[in-house]
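Each of the next two complexes has chain A plus one more chain, namely chain B in the first and chain C in the second.
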Partner chain A sequence: MTQKLRRAAIVGGNRIPFARSNSTYAEASNQDMLAAALEGLVSRYGLEGERLGEVVAGAVLKHSRDRDLTRETVLGSRLSPETPAYDVQQACGTGLEAAILVANKVALGQIDVGIAGGVDTTSDAPISVNDDLRRILIDLNRQKTNAGRLRTLAGVRPGQLVPDFPRNAEPRTGLSMGEHQAITAARWGITRAAQDELTAASHTNLAAAYDRGFMNDLMQPYLGQERDQNLRPDSTVEKLAKLKPVFGGPDGTMTAGNSTPLSDGASTVLIASEEWAKEKGLPVLAYLSHAETAAVDYVGGDEGLLMAPAYAVPRMLARAGLTLEELDLYELHEAFAAQVLTTLAAWEDPVFAREKLGLDAAVGTVDRTKLNVNGGSLAAGHPFAATGGRIVASLAKELHARGGGKGLISVCAAGGQGVVAILESEGV
Partner chain B sequence: MSDLYTQLVNNPIGKLVASNVGLPQPVKLDRWSPYASVVDGQALFGAAPGGRLLTAIAKVLAMVEVSTSTSLRTDLREACAAADLDAAVFNPEAPGEQRFKALVYDASGIKSSEQLAELRAFFGPSIRRVQPSGRVLVVGTPPENAGSPKEAAAQRALEGFVRSLGKELRYGATAQLVYVAPGAEDDITSTLRFLLAPKSAYVSGQVLRVTPAPDTPENPGALDWDLPLAGKVALVTGASRGIGAAIATVLARDGAHVVGLDVPALGDDLRDLMDELDGSAFELDITDVDAGEQLVTHLTAAHGGVDVVVHNAGITRDKTLGRMSADQWDLVIGINLTAEERLNDALLEAGTLRKGGRIVCVSSMNGIAGAAGQTNYATSKAGVIGMVEAMAPVVAKQGHTINAVAPGFIETAMTAAMPIGPREAGRRMNSVSQGGLPVDVAEAIAFFAKPVSGGLNGNVLRVCGQSLLGA
Partner chain C sequence: MSEQTLSGSPGTLALYPRAVAPLIPGLSRLPFVPGRGKTVPTRELVLEDVSVDPEHLARYARVCGFRLAATLPATYPHMLAFGLHMKLMTRGDFPFAPVGLVHIENTITQRQALRTTDRLEIRVSATQPEPHPKGRTFAFLTEARVDGEVLWEERSTMLRRGGGGGDVRRPPSRPKQPDLPARAQWTLPGGLGRRYGSVSGDRNPIHLTGLTARLFGFDSAIAHGMWTKARCLAALEGRYPTAFRAEVAFRQPIKLPGRVTFASEERPSGLRFAVRDTKRGTPHLDGTLTRLERAHT
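What follows is the complex of A and B.
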């Protein structure tokens, strides 16, 4: 069987502003927010009643009732109810992975158009019952007589009534993501000053993007929020320098300023074949041309938890026949400023290249003026699964507006994983 | 040979008293044990920009498998990558808990006095991270090989820097300077290994010069570093007791067949030790007129030649000069210097010393500093240094090397018999506040004796804990 691959086009995106945890969106569920982002996309691109090939989305923190979150969201939307959907989950890589999945099906000709998305709430988090109590409740359900039920209930102890809150910690190390990154940052000698500088640039760039109206067709207001709540347009290195470290002990370099806060929000991206876009009279902003995922052994090995993108990108570049410097824009998800800086340092390091990647020379240097030009997660916030969609849509738009070029997306994820992709645009 | 003071200040009360009163606080120095790692900890590797020894040093660090860190500077990282050294990153501007067992610095890029600031920039933030029995190694270009007077001055300046560091370092840590001549970049392996390892426990504030070796090994990593003298025959004079016995023991440990030589009066002790070391005993009075001839005949017949010659035999006959008899003078000069010259001449002339031969002489700190009551002894030991320096170019023509080791205060039966005043002064008046052990001298000699030490010729290495005497 021979098959001709098609180019998967990014037509556009829509998201809701991101809010800080337990704030504006405290009462909104994952389904509410994803529905809002999806409805905005449907309106913007005239998709009312359309039967799309597929809608793919996910959330990292998910209630058990949201088993089919995406399909339920589609059913509540103005898309044709005959549009199939499924959920994916790959930690913070969820949103980008969803876009890659839709793009791949478009490229293979299995679908003509699809939507990729992601949503997360840390406010309406899925609290579950304590595992001991869960076993007792299951046992209770199994009992056939009242006497048996009473006997089971009599086994309940006060401690078992304490619920399990979802924790931002790696199950295999017990360390939070920030604690992991603090170790990696120290290992790479990343300074506080460099992290604060990157953070200030993120806020400045995002504020500038809002000011020049860049965000207007990428976003719709939601629950009174018109801009990303975490954005501090007046953020400076001096102000950031006053914050106390939150990871890495009293001598640590990572603060609440140069780490992303817990956030709520949702994003969607419309991906289609060129023919479909042409037929509908819709623009093609860019093509999703390459993708790669990688994982590192942060448990038994000695690699940092969030270092997988440092491996994924060189592999993808080799396959694409590109060098790092040949890319025109770089979108490195700012989980922590230190994560971006360690990744950049690793790419510049001939030792990392030789010992970890098996390359003869360093991967390359990222021109900082081309890095996260419209701000990053440090300014926008980071509702885990929604970040990929935010980046894909804004990078596609920026490349298109610049008259074309190639852009890199790199997203680190829990579990020592990384999801990366390249967008290519031919411009207006 | 118990050093009671060192034991006292290393118990909790003694430690408290000594630190409050400001008394010297000697620590137990790390010493070598076979098959141990060369560096028991992490190394920090740095360089002044434009250094020519980066890759050569990185190769040694990779070979000894020490976990190494460098700053994220392109030249350093490229050198590490080229040497296949998986170096971590150290940034003095980012606080961290890192401690180092060794600091290794390539100073060959320093071409002017202004650039000496590089030393402070590197060592300032790292010197206090050196662990007990740690090592500081500065590697530079011999001033005589410098390209300009300014470069020569700056490279010569390194000596003052390193000697001061040796005095500032505490808890048994040491500092050395290695001058590497152009073309000798690949001959530094044995020197760096020795200075990094606990083998150099009692060596500090010293300067070694490495010149191009006639027989640089293709792949030093493939050599058997645990048995570097396997298949070699090593002659040790005065081998029955004290430092001589330690030398014989260490050379045997390194794989050599040791031919122990001593006067017939000490024959029993000599034979017992040689039996223990699977070596051979050879009784000879080296002041005999035909001692050279006898030795050549014996070595040729019994061993087919010799590869390593250690001139250790020596005596003292202390008297102030006005009270010294001609016999006392003649005996000391005769055994300590003239006999060595004669034996060397005989071995070289007859070709008994096989190609790549190593001659190592035992000089003395007092031969450098001088000592009251030892005009004869100090004269002989200074003469040994003169002999080594003058013979170095001569033996080099035949592919051999000749070097000297100058011990300081070494804990032996001889020093144990000294009066307490001079003994305690000798023990404490050095950077590690204690006497050395015979094995410390033996390790230095074994280092010069290695086949891979061909880049070392005409050196005088003091094993004195950086004694204040003659420094």
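What follows is the complex of A and C.
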């Protein structure tokens, strides 16, 4: 069977401003926020009553009652209720992976239009019963006699009544993501000064994006929040230098400033075939042309938890027949400033290229003036699954506004994974 | 019409002693106890610069089944106006005592969705009493304005049973309600009236517990009419535009706890919906949602 591939077009996006944990969106659930982002997209692109090919979204921290979060969100939206939907979950890669999935179906001609999205709340988090208590309750349900039930209940100890809060820790290592990254940063000799410099640039660039109205058609206010709450337009290297390290011990280089805060928010992206966009009179900002997902062995092997994008990007570039320097813009998700800097260092290192990637020469050097030009997660905040959609929509818009070009997206994720993609635009 | 601008929303809990006072024999002769006037005072109460408390909105959305959106549920301004309704009714010159009034009809007209961040001006007045086969009715007229423009209006018709209704001709019998297909079943917990009561401030004893409801002649606590209407609009979320009129008639009260069936169907006249008792089919609510042209495009 031969099949002609189509180009998957990024038409636009909509997100709600990101808020810091337990703040403006403390009362909002994942469904509330995803619905708000989706409603804004529906209004902006006139999708009321449209039956779309599919809506794909996900959340990293999800309540068990939110089994079909995306479908439930669609059912309450002004999209046609005949629009199917499904959830994906790939840690912080969720949002970008969702966009890749929708783009692939568009490319294959299986659907003409779809929406990719993501949402996360660290405020309205799923707290579960302690695993010991859960087993006791299941056993209680299994008991047939009152005596049996009483025996089971008599086994409950006070400590077992303490609920489990979701933790930002890797199940197999017990280390938090920040602790993992601190080890990787130390190994690559990433300095505090370099991290603070990247962080200040993130705030400056995002503030400038707001000031020039760049965010106006990418965002819709929600619950009184009109800008990303974490943004500090007056952030400077000097101010950041005063913060105490939070990861890597007293001599650590990672602080609350150069690490992303826990955040709440949602994002959506409209992806369609060129024909569909043309028929609707909607613009094509860019095309999602290449994608790659990689994983590294951070448990038994010697690679860092958040290093998978360093592998994914060269593989994708090889397949696309491109070099790193041929790209016009670079969007590296700033989970931690140190994560971005270790990735850049790895690409510049011929030893890493030879030993880890099997390449003759280093991958290349990223021109810093082309990196995260409208700010990154350090400034905007990082509601895990919502970050991919934020980056796809803003990079597509920026490439289009610049008259075209190629842009890289790189997102690291828990579990030692990394999702990367290339957007290409022909400009206005 | 005289206009009175209040400095803040009146606390409804403090108004309850006055609301209940007319029930005590003899008290209704006192000048500050409502129920003495023959006509509804032509008074308009105004609350200016009202902002929405996101935490309260979230509690309201949760109890009614709405999602917390960038715009307000269409029934939410009723919450903001409830204090003014109570204030108007608990004045000595108001002809009806608040406790025991039955909400029989409610029409909300929304020209444009209100945003959670809008600064609202809420205006409340009441119509003159009209005869009704079962007693007398009057209506609260409520408006929500943004920058002087009326974006939201509500007419809440209240019935006072008995007295003065005997001499009117029976109005034409209620038009036969369409048989709508069932869409969902709702299990309503016994504490629903208390929960909605604490969110809405409407702590009418008929909604709170079986015991307090029995004092007023009900077998058990009954659901708030405005909760039922809100629950219906939440169930229809996404199926109507931002400019619409939602008219409902409240029929038999919903006994709590209970199980009811929600029914709806698209008709040429608009989106029809209803709430029925699941077992007996007793009608609780009949409604129509009509789509309107948007005020602004």
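Descriptive notes on the structure:
Convention: the second predicted complex is superposed on the first by the 425 of 428 C-alpha atoms of A that agree within 3 Å, B and C clash if a C-alpha of one lies under 4 Å from a C-alpha of the other, contacts with A are read in each partner's own complex, and residues count from 1 in each chain.
The rule we apply is simple: contacts are C-beta pairs under 8 Å (C-beta built on N, C-alpha and C of every residue); 3 or more make two chains touch, one makes a residue touch a chain.
All values reported here derive from a predicted model rather than from experimental measurement.
In the complex of the two chains, the chain B residues touching chain A come out as 71-72, 74, 77-78, 80-81, 84-91, 93-96.
Residues 54-55, 57-59, 61, 67-70, 115-117, 237-239, 241 of chain C touch chain A in their complex.
Against chain B, in their complex, chain A makes its touches with residues 185-193, 251, 253, 345, 348-351, 353-355, 362.
Of all the residues in chain A, the ones that touch chain C in their complex are 16, 24, 27-29, 31-32, 35-36, 39-40, 48, 75-79, 81, 220-224.
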